[in-house]
Structures are given as C-alpha cells and as structure tokens.
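Shared chain: chain A. Partners: chain B in the first complex, chain C in the second.
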Partner chain A sequence: MAHASPLGGSVVTKTTVIAAAFAAAAAIILAYRFIYGLGAVANISNGYPWGIWIVWDVIIGTAFGCGGYAMALLVYVMNKGEYHPLVRPALTASLFGYSLGGASVIFDLGRYWNAWHIFTPGWINVNSVMFEVAACIGCYVLVLWIEFLPVIAEKYASPEMRKKISKTLYIFIALGVLLPTMHQSSLGSMLVVFGFHIHPLWQTELLPLLFLLSALGMGYSIVIFEATLVNASYRRPSEAGIVGKLGRYMVFLIAAYLVIRWGEIIVDGKLGLVFSSGGLSLAFLLENLLFLIPIILMASEEKRANAQLQFVAAVCLLLGGALYRIDAYLTAYDRPGWHYFPSVSEMLVTIGIIAIEVLAYIVFVKRLPVLHTVKRAHGVAATTNE
Partner chain B sequence: MKDDILNAIETRLGLSRRSFMQFCAAMAGTMGLPSGAEAEIAKAIASPKRPPVIWLHFQECTGCTESLLRADHPTLDKLILEIISLDYHESLFAAAGHQAEAARKASMAANKGKYILVVEGAIPVKDGGIYCKIGGQTALDMVKECAADAAAVVAIGSCASWGGMPSTSPNPTGSTGVNEIIKDKPVVTIPGCPPNPYNLLSTVVHFLTFGKLPDLDEKGRPKFAYGRIVHENCERRAHFDAGRFAQEFGDEGHRKGFCLYKLGCKGPETYANCPSILFGDVGSGSWPVGTGHPCIGCTEQGIGFQKPIHALAEPKYVVPPVSYPRITEDQGQGMTTGSAALIAGVAGLAAGAGLALGRNLGKSDDQSSGKE
Partner chain C sequence: MALTRRNFIKGAVAGGAVVAGATAVSTPACARENKTMPPMAVGLLYDSTLCVGCKACVKACRDNNDTQPEFSTEEKLWDTPLDISGRTINVIKMYAEGTSDHKDQERNGFAFIKKSCMHCVDPSCVSACPVQAMRKNPESGIVSYEPADCIGCRYCVAACPFGVPQFQYDTATPRIIKCQLCRHRQAEGKIPACAEVCPTGATLFGPVTALKEEADRRRALPSESVTTFARKTVGSTDLHEKKVANYIPHIYGEREMGGTQMLLLAGVPFEKLGYPALRDRSYAASSETIQHTLYGGMILPAAVLGGLVYVAKKNVPNHHSEED
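And now, the complex of A and B:
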C-alpha cells in the first residue's frame, strides 16, 4: 500500500464548485426541514413513511458504498493481492456513501432528537430488524473511518503511530467484512417484514440473500465505474486490465442472483405475474434486463478487458440494482389510496448528498494518498487540473 | 408449603385451597411483588399466629370500615377472625362502654410492641383536643397512648392521612392527620374516601409476610398503590389524548364516554390506583370515572375536599397537546411538473455525461496503450 500518493492540484475546479453549490442548496433545505419539520419539505406521509431519503440515500447509497466491502472480501478474505491498488479508492467511496447514508437517516427521523436511543441498552429492541440495520450501519461507518485511518496516518502520523495502527487494523478489516454482510441482507429482511404490502414478484423470504448478492455485484460495479471515471477525468492510464478481472466476480454474483430470483418465482408459481402485473411487470422486466446485460457484456475474457463494455456493464448493473431497490421499496409497495412522489426539495437534498460525496472524494484523492502512484515513465502526467 | 398447613387453612378460613392461593397471588400482584412472593404470603397467612390489631375511630364517617366490609377475597369476617386478631374496633365490637376500653388496654399490655395500630378519622388538636373524646379520653391522647407501643401505625382514609374532610377550611376543631401527631415512627397513610380496601389488606399482608412495611412515598403512601396518577391508567385516557371531552353532564360526549377532564376530573393530579384495581369486586367500570363522574382527587392532600369538584385540574406531567392531529390525513400527491422536470433533467444530464465519457473511453484506451 506504500505505492499510493495524493493527486495534488487545486481543489477549486469547475466540478467541485458545482458540487459545492448543490451541497449548499441541500444544506438550506435541510435547515428548513429542521425548523419546520419533515412535512414542510418532503412528500412522505403515514402511508409512505420512507421516501427517497431512505430508499436512495440509505438503501441504494449503502449498496453503492459496498465497493470497500466487496474489495476487502476479495483482497483480504480471498487473498487476491493483485487487486490491492483498487482497495483505497473503493474504501474512500464507501466511506462517504455510508457516512452520508447514516446522516440521511437522521434527516428522515421525525423525532431525530431520540436517535441516541439506538445505542442505549435500555431502549434497544433486539428483535427488531430496523435496530439491526441501524446499529450495524452505525458501527460500520465507524469501522470504515478506522479502516481509512492508515491513509490519513500516512500523511500526518509518525512512523511508530502508523505501525501501531497497522498492527490492530486486521480486527477492523474483519469487522468491515462482517458488518455489511449483516446489514445489506437485513435491508432485504425489512421488506420481508412488510409482508403482503410488497408485490409478490418482489416479496420472498429469499430477499435477504438477493439484497446481499446484488449489493456485492453493485460493489464491484462501483469500483469499475469509479476507476473508469477517475482515470478518464484525471487522464491517468486506464486500469481496464485489472478492473476487467473484477467482471468475473460480478458476472458470477449476478448470475447467482438471477437464478435464485427466477427460481423462486417459478417454484412459487408466480411466473404468470411477470406478464400480468401491468406497470409493475414492465418495471420487473426492465430491472431484470439491466441485470442480464452485464452478464452478456462480460461473458468472455476478451470482452471483460474492453474499457467501454466494462463501463456500460457497470452502469447497467448499478442502474439495475438501484431500480430493484426503488421497485421493492416504493413502486411495488402497495398502499391503496396513498401516493408518493418525491418533491423537488426532497430530490435536491438527495442530489446535494451525492454532490457532497463527489466533492469529498475529489478533495480526498487530491490531498491524501488514495490512488496508487502512476509512474512517470508511462509518459502520462499523473496530475492535471480536471 | 406442606399440605397439612393448606388443609388447615381450608377448615380454618372456610376457603378452598384454590381460592386461598388466588388471594395470595392477587395480593402479590397488587403490590407488584416478584414471583415467588405469593408462596411466602401464603405461608405467612397460613401461620396460626395472628397479629393483634387495634382499630381506632375518631372524626370520621366509618366509610373506610364500611368499604372494608365489602372486600370479597376473603371476606372481612375471615380476615378479622382468622388472619388478624382484631382486639379493638368500635363498630364491630360486641362489647360496649368501659368493657371495650378494658379490652384495648389488656391487649396493648399483652402485645406490647407487637400490635398493629390502625387509625380511622382525623384527630382534632384545637383547645387541647376536646372536640373528640372516647370514654372521657381525647382522641389526641388516645392515639399517642396506642402508638407508643405499636409495631406499625396505619392511617386509613383521607381524614387520618392529613385531616381530610373535617380539616376543610375553616377547620373549627383543628383536625389533623396521624403523621402530624406521631413523629417518632413511620405512619403508613392509605388516603381515599373511602380508600380501596385492597390497599390496606396488601399493606397488612406485606407486613405479615416480610415483617416490614412496603416502600412508602414522602407522604407515607405505599408506592405500589399511589405511585402513579389516576390519569395514567384511566380507561378514558385515549379520549384525552385525542382531544375528545365531555363538555357538560349528559351531553353527547358524556354519553359516549369521553374524557371528563373539562368537567373537573382530578385524575391528572391525583395519585391512586383506582382505575387499575377498581372497587367492590363487581367488574369493569366500577370506579368514579367509570360511572361517568369526574375524579374528585380524594386521595390527594390539597385537592380532595379543598379544590371545588368541578374546577379544572392542573395536570401533573401529562398535559394536553398544543394542537391535535388532523382527522383526515393528506394521502400524498403524484408527480408535479417541477419534480418531473428535475428528474428528467438529472437523467438527461447523467445519460449525456455517461455517453460522452463512454465514447472517449476507447480513445483514451488506444492512446495510453499506444504510448505504453
């Protein structure tokens, strides 16, 4: 890991300024929300208590944040050291995905001042899936920051301090694999609790497994997506070779996901619903198509090495995973008489949170040793403006 | 517990074993004791040793005794004759006059330091206490004499607890409660007009079983019975929270069983377990609020007999909300032009950026591979 270095360069660029503007807009709306209450800015109601602040910012946001989890699983558990250069950038993205996901929960809590109950023994309901998710995500945010500590330490701490940190880090790396396994599957368990409110095409007791598999698949996709984006933006040499190999795991996970999902639908005799559920059928088929495309695109070794195909496959899988979660939590969630569509202010907060993630990521890679060092011998400048 | 003791109970109390154990469990439940306490209670009650009780009457209406006579599990005659040894009780004594007073003195001498003293009624202290005398002795004098050697002192009813009704302004006789006179030992007060008989039974049974008094609050009331305000366990509480009040007696809200707060119910400022254990063993609704009358706060010094019955209570800690939730709820709306435009814009922007990036990907790949 000694081969990483900060990108350098100014942090004030067109991208960061635009991102900061969106973040500021979100901050103003959130200030309004904390003064006048949830109803003043969000369209959520008693019929739809969870809007995009939960479904996008938390459920999809943490699935997008699974890059660190997926890479840790690969590098530290399966011992594939060759992928080491991808761990730090993935961890950085996870860091912000999860930290902001955790913060979004607070925005969405009507009585946010009671949030400390989650970590107070007398208040804990150990039989609640929500508690499991809340406590687990809370702990994982902490673990992620500890996992990230060596990057900060490399720049600011003394050598002895760094030694101490790296000696105890294995505990947190282990936790960093355990905790996401727990809560990513629990995000599916929460839907099981919703029972008949969820359309049968989505409702199954295998939801925890499906959520875990798709989250891992999305984890590898986000690593591909983000490597492509960073290398293109900063004119770094393409990592298509090493990144392409991840496609193998992605294909395997998504194939398993599709087999289990369709197997359950066939075994439970719900196949007819695939075509007879109106708009939901369409959503279901689109979702599955988005899962199927990456498998086709990443079918052979040759295709996996192609940067364009990698990018399209990663984007499709991310969209598919996001759509799966939106469908399961909102579209297929049936409350007769109730309607939900995010308000403009609600969406601006979500966009603002994404903007903060982008902004923080750029600042971190420019100031801290996150990205692996590119040798000048390659003839490509490692530092440029945008 | 051994079977022969239980069999003895059957013949002694005329109760089936089942009813007896039910009674013990009910007592343990009323006092909120942990499981296993009912067995200890059963053992204590089954013991043939009966604690002597001296029951004094002063400024009162005998309502407390009357209500005790209506206790059903077990009936008071069983309690009097078999569980405790009632050595002196003016209403229930067969003896009269000096004979009765002699019995009291004899019992006090024989059971020095072991008897339970129960006081019913307020004690007048003005002018040397001359306003209440029994056998020529003032109430003030008598209570001091009896309390001196008592193992425990229990003040039953609001009168004995703080003066109650006789102490109402201008209080011409200077009526006061037992704990204003007996200062050298703790006085259990069981206020109420009348108090629930089970609160007295439970206190006595607790004393029999564990040899000590139950936990008391700062006014000497057993916490198991007076730990919570009436409002907390009231069956009409949901109406209070929802803002549904009876406005006057006999109006629509009153007939529908709405909250009586606006009719002067003192439930929000009165500590008692009335809504939980009810009265008279006749089933649900058998307590003042249950029958449609506001609570008058008879167990609470400064409320009962002092505040006008129909004056509004000052809620202790459960206050009505500033505003009530809407009855019809907004069920949400679909897409608006603004939100649709925003989504379309973001999607378009993302698609455009993705396309531009994707198109360049091959090129940069070629470039870098070319340079390598």
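And now, the complex of A and C:
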C-alpha cells in the first residue's frame, strides 16, 4: 500500500476552466509584448525598471514556493518524520511556483534570446548577485523535478527503476535544502547594490538574512495554507493536528526575523525613521504587524491546534512576507520624478501565471500520487468531485 | 565589547549561517575595498559655470552615436530631450530658481548641468551585470556596453546611483543606451564628440589626473579674476579668457562612490543640479563583500552541502520507504 494516491476525478471543472481562461488571456498579452516591446504592455520605466513581473512572479512567487524547502529541512535534515505526509503536496506546489517563476523571467528579459549567456562560462560574472540568483534558481528547478520523480515513477516506472531513483535521492534532497538557502538570501542581497535608492528602513547589509528567514517562514505558512484549502475543497479530513505543530517553527523563524530587523534599525540609529517616513512608515508598520499577528496567534500549544487560527496566521505571514518584498523592491525604492503602478495587462499576466499554477496543481493531485492516502475506515472518503 | 553596527551585523550573520546549517563560521567578513582609478584613465571635466546651454554637445552626441531627436513640445520643431532616455545619451539641463536673474547662483539664479555617464571607478552596473555586458576597460576606465552579450534584465538600470543606463521599452529588440565616452571615436584617435564641439570648454576631455589638476586650479583662483580656459582637451592651445565664477567648494566625482571619471564643477550645490549626495564607499564594494564572504571559493556552500548530504543520507531512508 502506498502512502499517497491520486485523488482521481475529472480535471475539467469550473475552477480549471476559469484558470485556463486566465492563462489564455496572459498568453495573448505576452504575444503583444514580444511584438511591440515591454513598454507596450507594462508600466515599467527607466526609473522603475522592475515591475510586478519580477517582484511578484519571481521574488514573491519563489518565496511562496518555499514549502518544499521548508518541509525538506524539517523532515530530512531535522529528522522529524511525523511531517512526512506534508512533503509531497508541498513539493508539488514548490515545483510549480519555481518552474513558473523561472520561466516567467523570460517574458521580462528584454533580450531573452541571449538568456543562455547567464549560465555560460565566458559571460558569467561571479560578482553579480543576479548571476547567483539565476544560476541557483535554474539548478533548483531541475532539483525539484528530480525530487518529484518518485511521484511520477510510482505511477509509471518499474520497481527496479524506482529503487534506483530512491537510492540517489538523498543527494538531491541535500541540494534541495542548500540551493534555496542560497538564492532566497541572495534575493535580499540583490538590493544591497541599489544603495541609497532604497529607504534606510529596508536597506541593510542584513537583507540576505532577513529574506532567508522570512522565506522559510512563508514556506511553512504556504504548507498550512494549502493543506487547509485542499482538505476543505476535496472534503478530506482536517490535518489541523500535524499542521498546527508547524506553527512552532513559523513562530521561531518570524521572531528571529523581527529581532534582527528591529535590532539593526535600533543599532544603526534609524528608529526615528519608523515614525517620520510618511507613507513608508505606514507600510513598514503594516508589514511588521502582519509578522507579529502570527506570533500572537500561534503563541500556545492550544492555539496552534486550532484550524481557524492556523489559517489566519499563515495568511498574515504570507501577506507580510509579500508586502516586505513589494516594499523593499518597489515602495521603498525611491527614484525622484518616477512612478510605478502595474498596468491591467501586467496584472493579467501575473494572474495568468498564478492560474497556470493552480491548474497544474489540480491536475497533478488528481492524476498522480501526491496527497497522502485517506483511509476509508476513518469514515471520510477522499471524494472525487468538487 | 560594545554593541556597534558592525558587531551586530557580524553576530547576526553568524547566527544566520548557523540557521542555514553551517557548522563553523570562522571567517570574519573580508571587506572588498573600492576599486582604484586605472592608471591611464580618461574622462571629462564639466564646468557648469562655463556652459552656456547651447546644446551643441547634445547634437554632436546624436550625430556620432546614431540616436534620433526627441520631442517634448507639440510642434516638434526642435530636438528637446528632457533627460537621458532610451534615445538620448547626453543632455544639458537647466536649474532655475526665483527670478533666475544671475548665472551660477543658487537664489534667484540659474545654472546648466550636463547629464551623461559618470564612468565610475567602481561601477555598480559592472558589478550588477550577470553576463559582463557592462565592462570597465582596465586601462582607459571607460565603462562600455555590449548589446551582443546583454540579456536585457535591467539590473544595471535599477542599480546605477546616477540613473544612467537607459533601456528601450518601445521595441521588440531593445538595448541599453549609455555614454561610452565615444570609444569608437577614441579608437580613431579622436576625442569624445561632446568635448570636440563645446564652444566654451565647459566639457573638457583628458586624462583624469590632468582634469583633476585643472579643476583644482580653477577652484583656487579668486572669483572675479580673469583666467584662460582650454577648449576640447585639457592642456590644449585652443584657449579663451573669462572671468572666474564663484565655485562651490566641491569637485563632484572626486570621492563619490569611490570616484568617477567625469568630474563636475559648479556655482550651485550639486544636489540642486540633480546630483545626489553619495558616500565614498561604492555600493559595488558592499554588495561584493557579501557575495565574496558567502561564496568565496564556494567553500561555505560546499561545507554546508557536505553536512546536508551526510544528514540526508542518514535520514532519507527513514522517511522515504515508498516501497513499503
């Protein structure tokens, strides 16, 4: 008997049809972009050269894709086997978050036909944080697909083949922990060279550490978020018990994040800016509030077992982490005389990418052994309809 | 030990490395210092007090770099770029305050200012570019751009402290546009077009050391005294006489970001002219210090990977027995 089994059922549902429609809209807009240039569909400029296609699709998208990283760290490095049922769904979401985040970079590259240069000796600039990020995310997408192979193999491969995959998997699991540690921190380092363009409340040489800690926190949050949604949508039994225990790690990571963030601000004498920076003060305080709420909600064992509190805490942390990234890359990025707000086309492309992720996730959980098997003896069957 | 900023950062970084699974962090951050001026560095000295705003340099730049005029008036009669852009490499802008009666005066005055690449000694764009499309010539120090290498990621556009590299958003085959000190003309023994045509010597070409000496000479002269100014190239015999203006005591580009190969003199504070106050340590140095500390020789990642492989090999069979 396998640990996990496909949900089954039709992949053509109201949700998947709507998702496909959004994906199609994005494809049309992107065709336009490739003919007329980036400015024809996006509001980016020489003052704000990066818009939501970078900040949402890549920076936030990959942070949302940290579920697989966070769970691998817990199960395979910290040896907490009890969380094993959560690994596959987390890995599946990471697979799509990262694959699409990586692929969507192509739309944003002005000279995409040269994209291969970034992986090619002779062009590579090892001093560039962008190189580290690109190479590392590229490798990690490959590693994620390899880590996912057993799921596909379980359905299609022979037992000998499966054994071979199983034997070497530990190397890829180790890489699957190292690579996100590298590039999620580098996504913070990337801002250091921007210097005074970034408001001092966000600009610090500790950016890599802050990005890493918040990405891991977001990784556990996305696992809680998905487990809650999947179990509710497909009327599977709640996983509140096991999921709630993740809250402990979430609290630890976010507490560390807040201590370091505020510590740096205090030690560097920037505390006054917290209240004197106008709109940015509000953005800063909102971010910190969204990080603080999960700590309060997940403070005790009892609270952590509560499914509603778990979900609210996870959503707050995901929003806080996303806002931190939007602020650091866009809101607190100050170029006098320039403004940026995404165009409708830009947003539709981003929504289209999210739609593809949702679509692919549904197809995979219905066709492949991703979700752990629910025993009928429990009285609640894994139903095949939405 | 007192809690200083540096100690705090060190402590936090060490703590983070432990979180990341590193077993030992013995290397204190070995700071990457600012890069130094190439020995044969050439550049421009722009003296705002000599500039008459004729924009001959804007036209000459277009002619020599194949850029088309930009119009900002409805009639489209004149080439009127408002700033550098995906179509404009060099502009002369104007500062005006109050009644704008007096040249090179902050209050009720006006002044001209050139905007083009500063050719930093330690450029952010060169550090940021993942594919070496932005390069700094080790001899001349010219910061050049090679479209054949460029992937169009625009990290240079976002990173430049002066907002110089400009991307073309209105074409399917965009490139970055920036001043390359007319390196194609210099290859033919000519000087940059902007310096070639400047009628007052406000834009002057030459070795950076000579330009710096000339800037120091001008600043040391008593204001209202009369002196000679060279045109085209520093030390040339093409001279004219003019009253010395009232310089502010600051050569912009001497120290900013570790120095630049374009130096600026003016009678109005540079921040009013669109040149921000910047620290001496280059941002490239800060960024590369982090990268080299974490990834120097790939020692730290290799050590962490070794630890992870060991732990994973031990733990994976416990939790990955799908064969049951």
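As a working rule, the second predicted complex is superposed on the first by the 384 of 386 C-alpha atoms of A that agree within 3 Å, B and C clash if a C-alpha of one lies under 4 Å from a C-alpha of the other, contacts with A are read in each partner's own complex, and residues count from 1 in each chain.
The criterion applied here is as follows: a residue touches a chain if its C-beta (ideal position, glycine included) is under 8 Å from a C-beta of that chain, and two chains touch if they have at least 3 such contacts.
Every value quoted in this text rests on a predicted model; they were computed, and no experiment measured them.
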Chain B and chain C placed together on chain A: clash or fit? clash
Practice prompt. Could you tell me if A:229 is touching chain B, chain C, both of them or neither one (first, second, both, neither)?
Written response: first
Considering only touches as defined above, state whether A:47 meets chain B (first), chain C (second), both or neither. both
- prompt: Now for A:177: first (chain B), second (chain C), both, or neither, which partner does it touch?
  reply: second
- Query: Given the touch rule stated above, what does A:130 touch, chain B (first), chain C (second), both, or neither?
  - Reply: second
Max touched-residue count on chain A (chain B vs chain C) belongs to chain C
Touch check for A:8: first (chain B), second (chain C), both, or neither?
neither
Chain B stretch colliding with chain C in the overlay (listed: 115-123, 133-141, 241-249 or 349-357) is 241-249
Chain A contact set shared between chain B and chain C covers 45-47
Listed in rising order, chain C residues that touch chain A in their complex are 3-5, 8-9, 12-13, 15-16, 19-21, 85-86, 124, 127-132, 147-155, 157-159, 161, 163, 166-175, 276, 278-279, 283-284, 286-291, 294-295, 301, 304-305, 308-309, 311-316, 318-320, 322-324
Chain B contacts chain A in the complex at 329-336, 338-339, 342-343, 346, 354, 357-358, 360-362, 364-365, 368-369, 371-372
Chain A residues touching chain B in their complex are 43, 45-48, 228-229, 231-232, 235, 237-238, 240, 307-308, 311-312, 315, 337-344, 347-348, 351, 378-380
Within their complex, chain A touches chain C through residues 1-3, 34-40, 42, 44-47, 49-50, 75-77, 79, 81, 84, 87, 108-112, 114-115, 117-118, 123-132, 134, 150, 154, 159, 162-163, 166, 169-171, 173-175, 177-178, 181-182, 185, 189-190, 192-197, 205-206, 208-209, 212-213, 256, 260, 263-264, 267-268, 333, 335
